[in-house]
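In the two complexes below, chain A is the common chain; its partner is chain B in one and chain C in the other.
Now for the complex of A and B:
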């Protein structure tokens, strides 16, 4: 890809980030929802498990996936307003560039939510999640959630079920990613090095690459007509 | 109407005959398993249904690729038919697996990798069928369905890989060292595999024919009104 494509993609990412920065609309909702999922899971499981810390990695990724669904829906709803998406499609950039930019912007807001949820979940579940290795896990997880979610969220506004369809399609598809993320998070949180959980990180990276490439190729089929 | 549009009588007869043979082979010809007893005979239906479910999802993938390349309505009808039949077969696999698990493992459900895989696949293709139901416009429905059909199938190897890394308690009848089975049991299994393959083809043909007839009725209705 030429420099030009990256420059255009970066301009589109900048547009989404500037919009988000000025309204802070969907980031705050995502963040609050992630925290609520954490609190609900904490309350639901605390009385039944010995170590609440054992549930923390799973709870974190459930919260991230659910708040991600919320953010993807918001981000797409915003493009629907006043024909923004049509404008994007008319812009002199090709479809894969738009896809990459949208996916990157969505991944960045999920990453932001994840960074705030780490200390929060550390406190709620009494486990130390403030480890640098978790940044890698968060990055791979956000990329995968957003890579598949961006494609699906472009589709759902044109269906009768609307936003209700997004979690139904996205959550089963990201099961392998969540398995890898939970295992890697549990490993790093218990003090293991990144190389000790390399197999799970490779699984996540494979998911990101394979499904990201497929979504990028398929994006044009979803936006036309 | 051409000969191809008629009821596939020969295929129905052949499929019914082999299914009778398979039932006889599974219930009478094959010897009773020493440890598990008669409940092991579920295997002769469980394994072929699982194999054909994977084939069906593969057909959906292939037909979806063909549809996106050619926009030919028959490939969309084939993708839809294969997904519906695959979903039915996957449900059969889950149900027969649960019946067997209750007898062998004393539980209706465990998070064994292979069970989990089949459940995740069932959920992914349930989403596929939901997309088909909730898009009004025909061309858009076919395109969206094809996108989900391709993305879902790209996910299959990663789903399988991710769960392989879990510890499995599922019995392995086939492995690198060959087949661990009494010869007469293997014959019964192979007969049943042929029967399920024919059943799959039959259901596929009947379902595609139904789509074509429905389209024909629709265009006739339009020409009259």
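Now for the complex of A and C:
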């Protein structure tokens, strides 16, 4: 890709971050929702299973996936207001550039939420999730959720069941990513090195690359009809 | 089918006003020319370039004002224009944006979020966004709708300036008098078909109403 594409993508990422910084609505809603999911799951598992800490990685990624759906929906709603996405489509910008920028901005939001949820889940589930290796897992997970979610969130506003359709389409699609993320998180949280969970990280990276590339190619078709 | 058999040629420096009632197909035509919708048949050429084959090049030549402002309400007027200036690779973007904002009388509101601006101000900003990159073709879909006199005057001046600079302007409206005032050439669209085309200087409002009363029920 040319420097031109990266420069324009950077301008678009800056726009999304500026919008989020000004309103903070998407980030705060995602964070609150993720925390509530964590609290509810924490209470439920504490009452029913031994070793609630063992389910912490699963609970974390359920919370991240669901809060990610909210963030993606809000991010796209912002583009639909006043026809802003059409404004971008009028500009001499390749669809893949718009996709990359939106996906990067969404991934950064998810990553930010994940970073705040890690200490919270550590407390709720009594397990140490404050390990540097988890940054890599969070990064790969956020990139994958955002990569697929950005494409789907652009497609669903054209349908009747907008809000309901995004989680219905996204969550099954990211099952391999979530499995890899949960396994890698569990491994790192139990004190294993990143190389010990490399197979899961490779799975996540492959998911990100393959589905991200496919979404990037499809994005122009979705936005340009 | 929203449009059928429409063949439209825009000349450089010409303001073409497309008149017609609601549902005539004016917006569909603008959206096809702006490459936001694909025609089921036919093609669009801008400055001889096929829009379907070389869309990015063609988009660089087009400026468009649609029903919606295409502006981010939570960004400031300046940030909105700067974003577009960067997407169009404009040199000296910040200076150009400042001059544009001063030109539309919004210099003092440059750092205010767009959602705090009045409807007229937003429309002026939307027009400024469309002409920021000095397009070869300017497409305006009902640009006067809901504007006060001052904002309407700015829109008219921008159209005149663009045409003087060699830009081909296509403007849709159902206000007959306004169309005659700003247009060089008029086209009447109804039911997706071009009923007639004429030079604005050769026709009076009364004559136009007599000729096409059915197409101008909203005028």
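Note that the second predicted complex is superposed on the first by the 224 of 225 C-alpha atoms of A that agree within 3 Å, B and C clash if a C-alpha of one lies under 4 Å from a C-alpha of the other, contacts with A are read in each partner's own complex, and residues count from 1 in each chain.
Heads up, the rule we're going with is that a contact is a pair of C-beta atoms (placed from the backbone, for glycine too) under 8 Å apart; a residue touches a chain by one contact, two chains touch by 3 or more.
For clarity, every value in this text was computed on a predicted model and none was experimentally measured.
Residue contacts after overlaying the shared chain place A:129 against neither chain B nor chain C. Contact with chain C, but none with chain B, is seen for A:92 once the two complexes are overlaid on the shared chain. In the superposition on chain A, A:7 contacts chain C only, with no contact to chain B.
Contacts of A:175 after superposition: chain B is touched, whereas chain C is not reached.
Touch criterion met: A:221 reaches chain B, while chain C stays clear of it.
By the touch criterion stated above, A:161 is placed in contact with chain B alone, chain C being left untouched. Touch criterion not met for A:56: it reaches neither chain B nor chain C. Counting contacts by the rule stated earlier, residues 224-225 of chain A appear in both its interface with chain B and its interface with chain C. Residues 68, 120, 123-124, 126-127, 130-131, 133-136, 139-140, 143-144, 146-148, 150-152, 154-155, 158-159, 161-163, 165-166 of chain B touch chain A in their complex.
Within the complex formed with chain B, the chain A residues making contact are 148, 151-152, 155, 158-161, 165, 168-169, 172-173, 175-176, 179-180, 199, 203, 206-207, 210-211, 214-215, 218, 221-222, 224-225.
Put simply, chain C touches chain A in their complex at residues 34-38, 55-57, 59-60, 62, 64, 66-75, 79, 83-84, 86-89, 113, 129. Residues 4, 7-8, 11-12, 15, 18-19, 22-23, 78, 81-84, 86-94, 224-225 of chain A are the ones touching chain C in the complex.
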